[in-house]
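Chain lettering (A, B, C, D, E, F, G, H, I and J) follows the sequence in which the chains are written, and residue indices restart at 1 in each chain.
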Amino acid sequence: MLFHVRMDVAIPRDLDPDERTRLVSTEKARALDLQRQGTWVHLWRVVGQYSNISVFDVDSSDALHDILWNLPLFPFMTVQITPLTEHPSALSANP
Amino acid sequence: MLFHVRMDVAIPRDLDPDERTRLVSTEKARALDLQRQGTWVHLWRVVGQYSNISVFDVDSSDALHDILWNLPLFPFMTVQITPLTEHPSALSANP
Amino acid sequence: MLFHVRMDVAIPRDLDPDERTRLVSTEKARALDLQRQGTWVHLWRVVGQYSNISVFDVDSSDALHDILWNLPLFPFMTVQITPLTEHPSALSANP
Amino acid sequence: MLFHVRMDVAIPRDLDPDERTRLVSTEKARALDLQRQGTWVHLWRVVGQYSNISVFDVDSSDALHDILWNLPLFPFMTVQITPLTEHPSALSANP
Amino acid sequence: MLFHVRMDVAIPRDLDPDERTRLVSTEKARALDLQRQGTWVHLWRVVGQYSNISVFDVDSSDALHDILWNLPLFPFMTVQITPLTEHPSALSANP
Amino acid sequence: MLFHVRMDVAIPRDLDPDERTRLVSTEKARALDLQRQGTWVHLWRVVGQYSNISVFDVDSSDALHDILWNLPLFPFMTVQITPLTEHPSALSANP
Amino acid sequence: MLFHVRMDVAIPRDLDPDERTRLVSTEKARALDLQRQGTWVHLWRVVGQYSNISVFDVDSSDALHDILWNLPLFPFMTVQITPLTEHPSALSANP
Amino acid sequence: MLFHVRMDVAIPRDLDPDERTRLVSTEKARALDLQRQGTWVHLWRVVGQYSNISVFDVDSSDALHDILWNLPLFPFMTVQITPLTEHPSALSANP
Amino acid sequence: MLFHVRMDVAIPRDLDPDERTRLVSTEKARALDLQRQGTWVHLWRVVGQYSNISVFDVDSSDALHDILWNLPLFPFMTVQITPLTEHPSALSANP
Amino acid sequence: MLFHVRMDVAIPRDLDPDERTRLVSTEKARALDLQRQGTWVHLWRVVGQYSNISVFDVDSSDALHDILWNLPLFPFMTVQITPLTEHPSALSANP
């Protein structure tokens, strides 16, 4: 089941630099891991923004919540979620 | 070069039904054609909306404009465009 | 899997009255049917609005789309969808 | 009488951690208590947000205000209230 | 129980003039009746707008819905509802 | 002359507690005083918000400004003002 | 007493041209009359908009409502009202 | 050439009180000076807001920028600019 | 003097096709003429929108109003105007 | 390929003054450099705002991201990007 997620990140200026480095690198490791598992199926940077647009393929909306809630940078994100489904004009629907 | 595009469609109720059928089917043919060419790389339906979220891979923003402007349903669409770039945590950037 | 859905209805004034009656009554029959099946688990009227707030329990977001897209009044609705999950302070999570 | 309430929580980063722990746990105890009394009839987490969507069943809007105003996390919440009533297509209205 | 209600009225230009006259006069009669009953406790015109700001005193939010839904001009109104309660600095709370 | 005023209050967390207590109690005394004078004719708490909806009866908009500007909590308020006039369907206009 | 008023005008395309001409010319005559009386003290066109920004000097907000409500183009206007008062740095306050 | 300017002022609570006093008094002196020169042609306080609505008469938009950018309180202002022109119904256009 | 102007065009579907053709071609001729005169100094199409972003170089805001108000498609445009001035980091300011 | 970019700058008051000076001067040097290279083709100050409106000519949206992301003041900017293309009524399209 696909969900479109936009994450806008705003790390506070006064966050301890070591903590910031740690959070950003664990976030990256987690993102790579979820991509390798086939869960985080698309991850793009929005041009000119500290933001990403992503697509997740999960078994349930509960699973999506677990993933997002536990991202290292979650406390500093604004998250927008849009459920997706197959488009009748998509190639996959017109084999 | 990737562009994220959301299209919200609102076909007027008083459009001639044959014209409507013709527009929707040529729109579908055009979408399939552009997907087969590798230009319209993702096309999803937004759940519960007459809308799609798409990603286009084009050589220039001029090319993107040509494609969108000439879609059969373009006159009835509200279009939002977001340029995308590779995310530093994407698999493609971390081979 | 639970989804929170708000539907704001705006039936055009110039819709044929018989068509309007037919749409409203088939919408009602469909709503009752989906409630009896345990899919449309909550359906409330918003005070002072031609709107409802609903909760659906479906197997997938695809299933939710199928239900909403095929509601008789769908063409006259504005729909907002919010995925829900169990709250850690809910009774169900604290047996 | 039913009220739909959305609460978005934003606990300040500089809140004393012990105070934070105390507030969150007393909030949870209060939520469970009100659910057991049949006042807080639904409590869901919004996927990907530090937010809940709830339905309260109270004798009056004054009673609702008392409950919300005295929640331990109230000072850190943005609250939106929507009064609900029975929908004419609800099962309860069509026995 | 008090509810603050703002009603913005937009009667379509193409409404039959006799129907318009009939709706406006039955609306006025209904408003006077509800004021005499002590239900519609305040009714003010917003300066420079075809709008009113009102306060209703009702036994329940269900009763409020019944009143608003059945106003003759309801189909042409945008309605915003805000539940009110006694203010701790009001005279009534400080006898 | 009537003015509808909504005041949303946001006292900063780091305000000295004694100063906060002093401001809140002088605000209350001022509100009671203005109500007794017949100037602050209605004062309601908005359910679930640190906000009030009020109606003032003043000789001029200059007088309204003087009152609001000098409220002890004014520096921490967001204020919205809507001028009111007699509604043609109000009881007062239909004796 | 001064009120700042912005009026955005949108005359429907299908208004009878003679009616349109009549409305626009009576609106102009009314505006000139109110300016000569010292009531409509400023009247500016907003650059690039079918809109004006005005200042009225009236005895009461009731008088302002009477003027606006009876403007020939009132049914086709969106009106925003902002009460004004003397600024402490204005020349008039610092003679 | 006339420009309509709204300035909303928000001086930070932690600004040094002497600095605040100095800024406010130099702002006032500057405002009086520009009014005496015929540049700042109108200056009104918005009722119930730390805001003003002003009209400037300048030789160019460059000149307007210079004035605003150098106001002592500029760093604490939100500024909205609307170019004005003579209204065809103004007295000045109908001598 | 430079003004940034965004024009969003929405020609009604029921406009007579000959009238539409006439308006679009006279609009184009007018745009070319103003560009050749050095008044309409930039004119870009917004990708995927029936909109343009333009920069005008005019002697006054009055002159800008005259140009915009008399564009053939003006009645079908939404116009947003932003006055510009030289940027201190522009090449022109750092010869 | 052209992109329209608006940058709104908000440097925090508590930034070290030397750091502020350093950032502003390196930003200016970078802006001049990119203008000389023909990449940052237009750079205007918005009147009365700490903002600029710019047009960039780049080979790709990836290149635009690189430029913006590495601007010294980027962490303190809100950035809005609008892709542009040639307008059919532009002189360049009508030689």
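Everything that follows uses one rule, which is that a contact is a pair of C-beta atoms (placed from the backbone, for glycine too) under 8 Å apart; a residue touches a chain by one contact, two chains touch by 3 or more.
Remember, predicted model here, so these are calculated numbers, not experimental data.
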Proportion of interface numbers common to chain D and chain E (over half same, under half different) = same
More C-beta pairs touching across which pair, E-G or B-J?
-> B-J
How many Å are there between the centre of chain A and the centre of chain G, using C-alpha atoms for each centre?
-> 51
Whole-Å separation of chain centres (CA-atom averages), chain B against chain H = 46
Separation of the C-alpha centres, chain E versus chain H, in whole Å, is 40
Could you list which residues of chain F touch at least two other chains?
-> 2, 45, 47-48, 61-62, 64-65, 81, 83-86
What are all the touching pairs of chains?
-> A-B, A-C, A-D, A-J, B-C, B-I, B-J, C-D, C-E, D-E, D-F, E-F, E-G, F-G, F-H, G-H, G-I, H-I, H-J, I-J
For chain G, which residues count as touching chain I in their complex?
-> 13, 45, 47-49
Touching residues on chain D, where the partner in the complex is chain E | 1-3, 60-62, 64-65, 81, 83-86
Within their complex, chain E touches chain F through residues 2, 4, 27-28, 31-32, 35-36, 42-48, 52-53, 55, 82-91, 94
In the complex formed with chain H, which residues of chain F make contact?
-> 5, 12, 61-62, 64-65, 68-69, 75, 79, 81
